[in-house]
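Each of the two complexes below includes chain A, the first together with chain B, the second together with chain C.
This part shows the complex of A and B:
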């Protein structure tokens, strides 16, 4: 049943570029898809370990910069007269490096910031993202600072026997994003249903108890941070090669907030949540554009975030799942409701 | 050496307003356990009130300052009553996200009303700075330091010498027990948020005329306030004052001797370093929450 729904949704999403000819809408769908990948990776931390990382855009941005710099090449000076020189590599190598570098950054940031919890964890993660942004802004020799990295090449897929396929059009990029998103979704689904996933959720519900039954808290949290950061890095790389220009504004706090809104509104701790929330909030600006000034759109954005937290604090997917289950069978309803009520920890 | 003295003087002026920001946030964070993302917007709001009263209504600069403090108090009370009171008892992440939503909406509102073009406020102080041997400081900045010092003193007296302050301190220690002793905890929360917000507005009203006023000016101010609170320890007013001056010194020295581009990175570096090496803050006795 669940697999059938997933296949149907994927098939429907895959058919979109075949009938949607509006380049503006297709562009909105591609960027939304990229942010949905970021939101899914954030959900791994926020929804399954309970750690609210508000610096998640750092990994996305690091992925974008690593991928762009790998494919463009650079020549930057280091203190002490050394030079950091790199000639350009194919963008696909940039994509792989982006995942590796973002993942390693996730390891170090996780190692340091998981020493604190709650509000302190949130503030440390914000600080990391801002430090990275300031470095991207000020290390002009490497990143061009506010002048932005331009002319980033599109990703080219090597096809044995046919040369290579350069993914330049929106049509191509849509499928690229869809495939990466699907891989990320399946990877996260596999993870949360594994032994590791149960360790994460046990830790979220009661850390002291989790420790007492032998769950290695630091190891579990750090591993979740690494995987989450690596997926965010992949999304950042897709972004860099699709938009083909990046500047330090990619690290803006508002981008993290966008991902958080996607996760919270869709339902944290639900696999489909970030996808549903992401599609709504990714396409909301498109829907609001004809009727509202850009500033008013952001006011609405903030207002909708507050409204969702007041009305559907657990998110759209868990709330709907509960309602659906309740209607389907009267007697079984109570049991199911009680089940879903344990904080929507069961993935939808 | 004279360069260093000049940095010290700048540090004193900057540190005073940073301390105001930090005290406001540490009260809210410490007593209510709310990570207040609207603190920076209140700072911006205070600066815009100065702009409205001085530039648009043409009233006196010294009249505008108390107006800004009062307006910050009212806006803070309104935020607490509409957004935080209904969420009493929800987890810290929910209130934090609601505060983020309010911050986005209010900052975009400021952009909508006043536009993105930076505004400046005329001041009644002479242009020529006061020169004392090797260092010079503008009269406006001296006034900012004096006003900040006065507001810090008033807040200190309010917390330590009045019955409202005693109730606030009791709520900070244990809100259940305070409630049992007859303290109206809801009222304390609203007052705390209003006082903290009015201090943020005061900081904005004082620093706005020194620099320029624009809708995003509060973002960095908020981060700096968080850095100060973490430095000084949760709910620790003396710690917040010292933290404000330490942050100002770090920024001055960072901008003077490292690179001016990294001036604003100092706050973040301090946050990361303190939380990793001394997570209870430099002077904290109070235990950590969360």
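This part shows the complex of A and C:
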């Protein structure tokens, strides 16, 4: 049943470019897909370990810059007269490097902040994103600063025997994003259902008890941060090679907030939550554009978020799943409850 | 007391919180396979002693060794890795997970497979997962919670949550188990069942250190009792010795002695 639903959803998503010819809508779907990947990575931390990363866009932006710079090449001066020179590599190498570099940034941020956690982690991640933004803005020789990195090449897939397939069109990029999103989804699903996922859940629910059965807090949380950052880095790389121009504005705080809203509205701690929330808040601008000005749209987002959380307080997916389960097993549950009640009274 | 090898040595341990002396100069040993109880009035330092033994608290002086390893400076999860597992007075379950999932979390030490293997679903990881599920079911059956296996732990009665707590601790495969007031809040029949459970745990070769207020229960189950008052040991011996020790009767049992 569950597998059938998943296959249907994936098939439906895969069919979209075949019948949707409007480039504007397809573009909106691609950028939304990229942000959904970011939201999924944020959900791994926020939903499954309870740690709020309010600088999550930093990993996304680092992925974007690393990937762009790897494929563009650069020549930047270092203190002491050294020069950092790199000739351009294929974008696919940039994609891999983006994952690795973003992942290692996740490691350092995690290591720094998870000794204390909670509010400290929030503050460290915010500062981290701000520092990275300032570097991107001011290290002009490397990043072009506010002038932006332009002409970023599209990703080319090496096909053995057929040469290369350059993913230049929206049609291609849609499938690229869909495939990466699916891989990220499966990776997170496997992770969450493994013993590692249980360790994360244990820590979130009752840290003292988790530690007493041998779960290493720092290691578990740091590993979650690494994987989360690496996935965000992959999303950033997709973004850079799709939009083909990036500037330091990619690190803007509002982008992190957007991801947090996607996760919270869809339902943190559920696998499908960020996908549902991401699609709603990614496509809302498309729906609202004809009716209101961009400034008014932000107010509308707020309204929609409040409405969702008022009706479905745990987020769309968990709340609906709960209602669905309750309705289906309503009668059965009542019967069992009655049984266990009498059962509990017997021994006393 | 028969001659046993020593499992745990508490050597001149002292804990001070600022000016408050929670434990002063506490020394005793626990033998392998023994059931030892730590008793004393409220605030005598029993839980503090537990926290020191399991690494949640660093002692101001002295040291604890377990099977030859000095525990001072080790983190709680590292101490758990030595097979020294505890339960808690209050926080004893993962409330939002089912009883079954609680035990799977508790089986963490047995389930360590490489992360990549788990993600790729390699045969080794799958076999390990099957083993864990099997083990979780066994443990649930063993503490008698089969009917509650798929209820969230937070929805269980207090006594049932205690059982989950013990099953969780057992899931971590302890060689020594520290139980912090396990029967508080249990009714007489639950307590009786719990005593049987403790005995069968001991029969598996697991050493047990118990902190408990329920005197009849302590007197029945313990091989040896250590009595704390105001952070120091005032008596130590078999239940019979403790029952008749004037210092204990005066300092702790008082009118409770008649009840015991």
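Keep this in mind: the second predicted complex is superposed on the first by the 324 of 348 C-alpha atoms of A that agree within 3 Å, B and C clash if a C-alpha of one lies under 4 Å from a C-alpha of the other, contacts with A are read in each partner's own complex, and residues count from 1 in each chain.
As a convention for this text, a residue touches a chain if its C-beta (ideal position, glycine included) is under 8 Å from a C-beta of that chain, and two chains touch if they have at least 3 such contacts.
Treat the numbers as computed from the prediction; the structure is a model and nothing was measured.
Quick check for you: in the superposed arrangement, does A:126 touch first (chain B), second (chain C), both or neither?
Once the two structures are laid over each other on A, A:126 reaches chain B alone.
Under the stated touch criterion, which partner chain does A:292 make contact with: chain B (first), chain C (second), both, or neither?
A:292 sits against neither chain B nor chain C.
On the superposed three-chain arrangement, identify whether chain B or chain C touches more chain A residues.
B
Is A:112 touching the first partner chain B, the second partner chain C, both, or neither of them?
first
Could you say whether A:301 touches chain B, chain C, both of them, or neither, answering first, second, both or neither?
So A:301 only meets chain B here.
Overlap the chain B and chain C contact sets on chain A and report the shared residues.
none
In the complex of these two chains, what residues of chain C are touching chain A?
Checking each residue of chain C against chain A gives 54, 56, 75-77, 80-81, 85-88, 91-97, 101, 104-109, 111-113, 115, 118-121, 125, 128-129, 132, 147, 157, 168-169, 171-172, 187, 189-190.
Quick check: in the complex, which residue numbers of chain A touch chain B?
52, 112-113, 115-124, 126-128, 130-131, 134-135, 137-138, 253-254, 257, 260, 264, 293, 295-299, 301-306, 309-310, 313
Provide the residue numbers of chain A that touch chain C in the complex, in ascending order.
Residue list for chain A touching chain C: 187, 190-191, 194-196, 198-199, 201-202, 205-206, 208-217, 223, 340, 343-344, 347-348.
Report the residues of chain B in contact with chain A in the complex, numbered from low to high.
Residue list for chain B touching chain A: 29, 33, 35, 83, 86-87, 90, 92-94, 96-98, 100-109, 111-112, 219, 223, 226, 230, 259, 261-262, 264-265, 267-269, 271-272, 275-276, 279, 288-290.
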